[in-house]
Every structure is written in structure tokens, then in C-alpha cells.
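Which chain is which? They are A, B, C, D, E and F, in the order written, and residues in each are numbered from 1.
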Amino acid sequence: MRPSRRQPEEMRAVSLERAVVKYAEGSCFVKFGDTHVLVTATLEDRIPVWLKGQARGWVTAEYGMLPRATLERTRREASVGKQGGRTLEIQRLIGRALRTVVDLPALGERQITVDCDVIQADGGTRTAAITGAWVALHDCLAWMKTRNMILGEPLRDHVAAVSSGICNGRPVLDLDYAEDSEAETDANFVMTGAGRLIEVQATAEKTPFTEDELMTMLALARKGTAKLVDLQKMTVM
Amino acid sequence: MRPSRRQPEEMRAVSLERAVVKYAEGSCFVKFGDTHVLVTATLEDRIPVWLKGQARGWVTAEYGMLPRATLERTRREASVGKQGGRTLEIQRLIGRALRTVVDLPALGERQITVDCDVIQADGGTRTAAITGAWVALHDCLAWMKTRNMILGEPLRDHVAAVSSGICNGRPVLDLDYAEDSEAETDANFVMTGAGRLIEVQATAEKTPFTEDELMTMLALARKGTAKLVDLQKMTVM
Amino acid sequence: MRPSRRQPEEMRAVSLERAVVKYAEGSCFVKFGDTHVLVTATLEDRIPVWLKGQARGWVTAEYGMLPRATLERTRREASVGKQGGRTLEIQRLIGRALRTVVDLPALGERQITVDCDVIQADGGTRTAAITGAWVALHDCLAWMKTRNMILGEPLRDHVAAVSSGICNGRPVLDLDYAEDSEAETDANFVMTGAGRLIEVQATAEKTPFTEDELMTMLALARKGTAKLVDLQKMTVM
Amino acid sequence: MRPSRRQPEEMRAVSLERAVVKYAEGSCFVKFGDTHVLVTATLEDRIPVWLKGQARGWVTAEYGMLPRATLERTRREASVGKQGGRTLEIQRLIGRALRTVVDLPALGERQITVDCDVIQADGGTRTAAITGAWVALHDCLAWMKTRNMILGEPLRDHVAAVSSGICNGRPVLDLDYAEDSEAETDANFVMTGAGRLIEVQATAEKTPFTEDELMTMLALARKGTAKLVDLQKMTVM
Amino acid sequence: MRPSRRQPEEMRAVSLERAVVKYAEGSCFVKFGDTHVLVTATLEDRIPVWLKGQARGWVTAEYGMLPRATLERTRREASVGKQGGRTLEIQRLIGRALRTVVDLPALGERQITVDCDVIQADGGTRTAAITGAWVALHDCLAWMKTRNMILGEPLRDHVAAVSSGICNGRPVLDLDYAEDSEAETDANFVMTGAGRLIEVQATAEKTPFTEDELMTMLALARKGTAKLVDLQKMTVM
Amino acid sequence: MRPSRRQPEEMRAVSLERAVVKYAEGSCFVKFGDTHVLVTATLEDRIPVWLKGQARGWVTAEYGMLPRATLERTRREASVGKQGGRTLEIQRLIGRALRTVVDLPALGERQITVDCDVIQADGGTRTAAITGAWVALHDCLAWMKTRNMILGEPLRDHVAAVSSGICNGRPVLDLDYAEDSEAETDANFVMTGAGRLIEVQATAEKTPFTEDELMTMLALARKGTAKLVDLQKMTVM
């Protein structure tokens, strides 16, 4: 039995709430069970220096965690004076994943910054963040279309992410913190609406894993992301 | 007429929601109109070095703002690499105000850290933060009392805060961002439930002000904080 | 009896010495008793980025303390790697106070930086700094007028500052360090030559204070700043 | 044809040179073609604070790149004042991979730090670093065994890593920089001597990829790491 | 003719004023013409970690420059966030020079920190700082002797420093800023009262120099430091 | 007898290997016995801001040490977050020394950055770095001449450096780490091919030294640098 009493293929209750803050061009409050992430998408009329003059835009992400999003209080990175390796790794992943489905030249020389701030963390913050980020990005692009800033559809597909792993020898989908800290292997999969892979990150936390286990985790994740994409579709309909 | 169509003595809609996050010993989501602040209180079994061996505890505060809490996106302090002067000033104010009403020796050698994170900012974030922080602190102390960590009542009084100012020559209570950026004078008052003053910060934004204007602003703030204290009482009842 | 044997309304010996360093456009060495601050005003032909193209100038301040200005040596902020919250708070206050009396468009697109460095600290460094800063600023503006960089008088009024407080239940003016660390309440007032208020910062250090106490402290400060303005007038005559 | 004229399954010339620096307990200079990484393993009689009293050791890694290891000079991170996200991500990966095969309690309360410094970079620095790090770690552990610091064999298996990818629609093994910057998909695989997986990181650089492509890349990497493990065996024989 | 109309062997007017600040155990305000440095010596009952348990003390130095000590305002290092290379180089030199003449074991496990803050800079700040630092250090040690913290005489000799150089082909002593920026070669000499060398730093600013020129500069510096040592003797008599 | 069994005037085995990395315009791997430094020279089409529009180029240097270049592992400066005083001091020295022999206007508005990274340290890293840096710089300038970026010969002379010192009362040349840590006096000399002095840095590590000792150390260094210049000549022939 999983600590959460869920079935192996059962995800946590997921919700996606749009337009949750007043100023952002797009925003989404995403919950994967007790993991809660606030995502905003900000449009700005500037571009990184190294992109200037190339007639295309950019999508980037930043990630943060409120100090008491966690069981024990985590030190505030602003007060420590730098972002940790985990933070940088996650925000690089989110930005990379989103860019894969955006037609950057269609944006013009503009940048969209997607901020993912974890209000409460119970495992899977990066997968929740990516899933919610797609909604915030979608709404920001819709905002731009309404204002004739872009023509056509710059968003080529959905992006959703979920974790799976091997826990006590059994494959499970969408690990919460209790499972995550016990798992032998833990993987994050980022997929498109068409079911193709954008990113696979599988890590042996305790013991190396086999190709079969990788395939099993991927199969679970495929089911999970398909459901998340369905939810995204209903949300932005 | 005020930009918000409020009467001069009318505050914004205020709400105080308790126990909003899963892990914190105390928490409060406070709204002053469109200004929304999430406050958590964390108990830790450690104390600043300079306090060691003095048989008393400490209450401190940290303050942050999500990047898109504001009309224009603000750079994330964790990414800039340091907290700005405004942030440091506000968190020092919050900590100082709370300590005024706490019996620190009663805490034992323990520290309570109050984190105030602004989710959405429309003026008055520091006054909202202080008002909500009192609730989070109250609940953290209640949590400790339940576990027999403290005897008696370590909280001597309520603490609430509100701004007032002179706008277009007219005194007004609880300025939102539109008023704040236009005001000739802007003041923040932190008061106890007994109506005494903890902190007065009055600033001539455009033109120096008179003693009479200070008195008028104080009178307005007195009415405001009395209402906020009433709301705190109902909230923690 | 006050620790310094002064009368309640008696300020420390104050002196303002002009033109104390060779290179600065304006400078003042200000003493409030044993509190000694060196203030310089620097004119530069540049302006903060966010002010560009608005046809007006800027006045800003920086504050620092030599490591052994204090009883115990304080760590050098340059070696720590950042300015502390107290430093940032004070330099923001000084800059804000000075700008209130300067006609910024009259400066053209130029910036005046007022550096306040505490050589010796015995309480009241911020009030001494502001009082001396007005003199340095005055001389810097005079330097500019001599060179026809500005027409007319860009300085609208004097600015002086003094602290007052409640010590052992008695109101006192211009607290030194011994009193400051014992005071129940401590307030800093920044006022103009015309007797109007620029900034009020009153803080309950131990016990919350009443409106009457605030008024008493203000009345004391009014007398103090009037004397300081008189001294400024004699100094720059 | 690949830019390097290699066959799709052909790796670059790989060499592993041991004992290349005078002081380190273990060291290896690893070359994957024009990618050259110097790896040292340092034994220290201290342990991270959070590990104290748990009767086990730790293995960690740091990664750096000389400024002119790259085609264009890269700014020195020591001079920038912080390590970039890519650096932190890679060093976290290396440390995690090595720990998977080490019996940490066997080390006692000691730490081994593996430093991987890229002398010349032509793609695949992280896979070369991991492959060489295993050799340096092996020699450091041998050094400890010689001195009776550890009993038995704390190293459970080999660890080697290689990249594979899809370039112009064709799967290729061990990408150099020219291929890496053109690839549609790029993956890094860390495997054990027994052929199990320690880490899979597959990223769609341009277009999302399919499960089949993932499997093909994995099959290539399996062949590559098997060869690397053979080379490690010959090297430490 | 030198820009200052001084003779080649003529130093600027030098003065050493003791006990210039209230709190420091030793202090000296040193002037070499228009170069003014405030030096304080602080005694602390702690020692660097790496010196613990070795039954000896430590002498170290820090150096800073007020922003408007210079013709053009220099950015405050505390605000930049780090000390520059020139600052670090000078403070290392001062500490090293002083330690050469102090009997460190005689201090016990205590540290003396010598802070040298440049109030006004007109060339030769490091030589003025060292010359004044000896006085402040002397007085700090005298303070300790009075309190029976040390027995005997821990100060083995005087330390004084002066610059010399080759300007327009002519050797000159004690360069001011105008000469320093024009000199072909510039050297700093730190010497003892007995006329021995503690540190020689000679630098070809424009053209390499000969051994003869080095000897000439040294001969000049020998005369200069002898005079400075005489002045130190009169000062502390 | 010296720890290394060398004669007093005997240098360690020195080697200079050119063109050791693939991308740099010039490079040199220099060994002074067990001290090994990799030097690269990078040409860039940009110039420091303060040099713009002056129709001349710039030569600068950076210095670093791999963590396990030393007997005990040194913390990585990139991870500490800043370069130490010793690093800054050495890189300032190297840049200054090289600029003395380069005709900067001949470079055009271009910058050459010389990176000196210590792979293994056994004393004398700065002298080895300077000696190797001249070779890397020479080759970078040759690269430019081949491409008609410069006309004529911008390199006016050789630059080489060596240390000498007084050890157990005896003058010795080219100290290794064992000697360096025991020496009474330690000096670094930077000289030209013509035998003129660029920089002299002599430091009393334990006891002040005499003018005669300085002369003796200089005489030794003169012999050493002459040999190093000969080796440079053979190397670039």
C-alpha cells in the first residue's frame, strides 16, 4: 500500500485555477495534492542581450519556494544571497520545456518570464510547476493575441509533467514527499499533448535500475501526462 | 473622491484567514483589498548566537514579494543576490513591532520566525503583513501552549497596523497604490489593542507636513487599527 | 538626572565645520557631542537610469560607519560583502529628507551624492548626519551657482534632525548612546526651517507609548531643530 | 556523415591516465577526443554538518571549467562571484552518480571530494568527468585501504557515462560540440559495470522525441558505457 | 621642479596625532601632506580559527577609503559588495609589516585589528597608513601593558614606510598623486627603526628600471623612513 | 643543503611547452619543477569601458588555482563566491608586468586576457606564470600578425620572473614550497630580456633584511631570469 493509500497508477487530486493574480498577463494556481504552486507569466518588451537583432522572442522561467512551504523551514534564498543548485536546475528545466512548444519568432523581440513559486511542497513541485506553467503561458499568449501582438498560434502543443518511480519494488505514479524520500528510483517525465517526450530525468536514488523499470515508469508517466493534458484542455477551453 | 471611491475614513475590505498552510505552527492569509500577504510563523529550537544563555526567546520576521505581485514585474531578490533596502526596512519593522507585545523569557530559548510573503501588492503591504503576522504568531503560541512548551500567556496585547495620509489636501485612511503614489504625506501607524503606539513612520512624500496633519492622520489610524483589532479578536476566538 | 547630566531639553554641544576635505564640492564635519560624522557632497554629470530624459536631477545619500566608531569594533561592511539593514534604512532616510527641499528640475540632469561617514558614534548618528548633510548640500549647490550650472535658488528650506525620547518616564532631547539603549521610546524628527515635518519615526523600544508622549517628544524636537537651523544659518552665512 | 567522420556507433578516442598530480589521493586525466578533464579525489577527515554522528562518510563533487577551455573565452566563475546553473547541475549529477556505487558507512566519518576541472571542452564534459571520476575515486579508496582506513571493498561497481542523440534524424553515440549544438535530441546516460542505469537525462533540444528514439539512444549508450567500463578495468588493473 | 615645488629629497609635511577617537585602544591620525589617514587599533579576545591553541596572538589590518577621499568619487566598496584588489593588497601589506616587529606569543590568544581609513588621498596612502599604524599599535600595546595583559615589551622595533620614484628621469622622495601618476618607476619601502628592510615593492610604471635606480630609490627612502621613525619617537615619548 | 638538494644558484628544471590547448590564440604549459601552470592568451575585440576611444589596446591577466593543486585541498574560489586577496594580488602583478613590454596602441582597440591556472603548486607559481605568460602572449601576438591585425613588432622585450630568498642565512634561487615556508626573506623579481627590472617584491617573512641581502637576492635573480629568457628564446624560435 502506498503511504497515501493511492493505487499505483493513481495521481493525486490535481487542480488548475486560472487568472489568480491581478496584474500578470497569465497565471495559474496549480495543486497536485498538497503541492501548491503559483505560476505567473509576465510579458516584457525586452530580450536577453545575446538574442538582440535575431527577430525572435524568448521564454524563460524562475522558480522559488516560500520558506515555510516545507516541513522544516528552509532558509530564504534572497537572504542567503544566492539561489541553490536545485532551484537553478529546476528553473532551467521549466524554461527549456516550455520553449520546445513555442514558436519563438512569432513572439517578436519580447520575453515571457514564467515565475513558479511554491506555496506548499509535498513532492513533485517541478512537475506541478511545468503543468501549471503551460496554462499561464497559454493565457499570456492569448492576452497578446487579443492585442494583435502575435498572429497565428505560437503554441504548438501542450506540455505536462509528472513523476513516477519504483517504491519498495513497485512502480508508482506521481510520488508525494513521503514516497519520494523512500523510492529506489525516481523519474520526471515532461511530455507533449501528442505524447512525445520533451525531457526524461531518471535517477537511481538508492539502487541502479533496469531498462525494463525505465519503460514501466515511462508507461505510467504517459498515462499521467495524458490526464494532465486533458485537464489543461478543459481549463483553457 | 478617492480613486477607489471610498470615504476618507473607509478602509478596504479586510480579511484574515487562519491555518492556510499545512506545515507552519501558525499561519494567516491577510487581505487588505487587493493587497494579499501570506504569513507563516515557524517555531525553531535555536536562538541567535548573541542571545545564547540569556534564558529568553526571540521573535524575528522576514519579508518578501513574489516577482509579479506588482504591476510591473520586480526582479527576484534571490536572483539579484541580495535583499533590497525596502525589504530589510520592512522586515525589521515587523519583527520589532511583534516583539513589543511578546514576553520573550516565557518562550524559553526558542525562536519564532514570521515570514510575510506578498502574493499581490496594492499598497499597504507592511501594514497588512503586521496585522496578519499577529494572527500567525498568536496561533504559533497557542500551538506551543497546547504542547506545554509555555505556561501562562506570553502575548501581552494585539498589534495591528494601518496607513493614513494626506491626498490632494484631504486626510484619508488605508491608502492603496494609486493613492500612495499621489499622496503628499504618507504615514504608517502600528498600535496595540489598548490603543497605544508601537511605531509611527510619517514621511513627507512631496511637501513637508504640519503637526495638525500628523494628529489628523493619527486619529484616522486609531479608528482603523481599532477595527483591525476587533477583526483579529473575532478571527482567533 | 540624565547620564550626561544634561537638562531634559538640553542638546549636546553641536558644531558644524564646512569645507573640511579638499576635493568635495561641499563638505561638513558635524559633531553632536561625541557623535562625529563627516559629510561630503559630490556632483556628478550622470543620473540614475530610470530618471533619464526627464529633465531633472537627483539627490541621493550613502551612509557608513568606520569599524571602530563604536565601543566594540563593528565588522567592516565592505569585508562582510553587503550593507546591513540599518545602513540601508538610514541612507534612504537621509536622501529622502534632502530631496524634499531641493528643486530637482533646477539641477539639470545631474546627481548629487551625499556621503555620511561616521567617525565616532555616541547615539544620534542619523540626526547628526542629516543636519550636516544640509550644509554640505548647500555648499555643493553654491559651488554650482558660482559656475552658472543652476539659476535661481534650488534649495527651498533648511533641513535639520534631532532625536527625543522617553527615558525613565521622562521626556528628553537628543539622546546619546547611554540613554538611547535605556529609553522606553525613541523618536527621530526631521524638520524644515519653517518648522514643518519631513519625517517622524517613533518607536516603542520597550513599552508602547501614548499620543501625549508623541506630542511631548515632538515639542522637544521642535525646539531642538529650531536651534540646529539657527546654527546652520550662522554656518553658511 | 558525422562532422567528425565517425560511424554512428563510434566513440571518440578515450584515454584514462592515472596519478597525474602529485598531492591528490587519487587522480585521472580523462580524454574523450578533444574533451579533456582533470579529475582529483581528495580525502578529508571531516563531514558535512548534517551528516555528523551517523557513522558514515560522504562523496561529493565539484566541477569547473578553465576560462579558455571553450572556443570563446568563458568568464571565470570565481571572478563573476558565483557558480552558474550549469556548473551546479553537473556537479550535483557527478556526486549523485558516484554515491550510488559507494558503501558510505564503510568510509567512516570521512569525505571524499572529487574535483572535475575541464581543461578543454568539445562536448560531453560531464560524461568524461564521470568516467574519469570513477578512476580517481577508485584510487583514493585504494589509498585508504593501503592505510587500513577501510576494510573490505567499498566500491560496489563501476560507473561510466556517455551521451547519445538524434542528429539529422540519425542516432549517434558520444556527441562532440559540433554535433551537440545541432542535435534534435541529446541524452546522457550513466550506467554501472553491470549494465544497470544510474541516471538518464534526455532532452528535446529542438523537437520532442519518441519512446523508440529513447530506446535507440539507450541501446547506443549501453554499448558505449560497456567499452568505457572495459577501459576502466584495464586502467586500474 | 617637482609639481609640489619640493626638493627631490624633501618629504611632505608629516604629522602624527594620537588618541584621536574615543573608543579605540590605540589610534592615530596621520597626515603626509594632503593624504590623511585615520588609524585605530582594536584589541579583541578572539583569534582566527587556524591559530587556536598555539598560545600566540595575531595582528591584522583592514584598509578602506571614504568615497570622496579622491578627486573623483570612488564607489563605496560596501555598496559594490566586495573589496577591490588594491584594497586587499594594501591591507595584507600593512598587517604583514606590523607582524614583523611584534612578539606574537607575548600577546596571548588575542587579536589586534588595525583599521586604516583614508579620509583624503593625495598619493602614498599605504605608506602613511603603515607609519600611523605603528603609533596606534604602540598605544594599544601600552594600553595592554597598563592592564597587565602583557609582560615585557612585545614591540621589537619601529616600522615606517615611504615611497620614492623616478620622475622625469630624476629620483624623488614621497610622491604625491600628481607625481605618482607621472612617474616612470614607483617604489614603496617599509623599514625598521634599525634601518633594516621589511618590504620593498618597486614597480616599473612606464619603463623598466635599473639596479642603480633601485639603489638610489632605496637610499632616498632610507632617509625618509629615518625621519619618520624620529617623528614616531617624539610622538609616543 | 637545500631540501631539494639543489645548489644555491640552481633553479628547478624548467620547461615551456607551447600550443597546448586547441582554442586559445596562444598558450603555454610551464613547469618550474613540481609547479605546473597552464597559461592561455585570449584575443577579444572589446576593451574595458574606461579605455574606449583612446585608440589603444589592453593586456590583462587572471589567475586561479585548481582545488587540489596544493598539499591540502583549497576551497574553490568560484564556490566561495569571491577571489581571495592573494589571487587578486598575483593577477594584478602579471598583467602589470606584461603591459610594460607591449606597445598597447599597436594592438588597436582589442584586449588580450592571459589566464594562468595552476595545475600543481610547489612554490613560485607567480614567477612560473609570468615566465609562461610571456610565451602565450608572444604566440597570441604572432597569431595577430599572421592575420594582419598588427603591423610591426608590438612586443618590446622578454619578461621572465624568478624568486630568490634567504634560507637559514643562505641566499638561494627559485624557492620551492618547502623552502618558501621556512625562508627568512623571500623576493620575487620580474625582469626584461635586457636585464632591467620590471618589479621587485621583497618581503621579510621572519626577520627584517639588509640592503646587502637585497643585492644578493637580486644578483641571484638576475642569473635566473637570464636563463629563463634564453629558454623563452629557444621556445619561440
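Going forward, a contact is a pair of C-beta atoms (placed from the backbone, for glycine too) under 8 Å apart; a residue touches a chain by one contact, two chains touch by 3 or more.
Just so you know, these numbers come straight off a predicted model, no measurement behind them.
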Intersection of contact partners for subunit D and subunit E: F
Partner chains that subunit C and subunit F have in common: E
Centroid spacing, where centroids are CA-atom means, of subunit D and subunit F in whole angstrom: 33
Subunit B and subunit D, separation of their C-alpha mean positions in angstrom: 50
Chain centre separation (subunit E, subunit F; CA means) in Å: 27
Residues within subunit F bordering two or more other chains: 81-82
Overall pattern in which the protein chains touch one another (line/ring/star/complete/other): ring
Chain order, ring traversed from subunit A with subunit B following: A, B, C, E, F, D
Contact set on subunit F toward subunit E in their complex: 82, 84-86, 88-89, 91-92, 96, 100, 157, 187, 191-192, 194, 196-204, 206-211, 213-214, 218
Touching residues (chain side subunit C, partner subunit E) in the complex: 21-24, 27, 34, 38, 40, 42, 44, 62, 64, 66-71, 73, 76-83, 87, 113, 115, 117, 119-120, 122
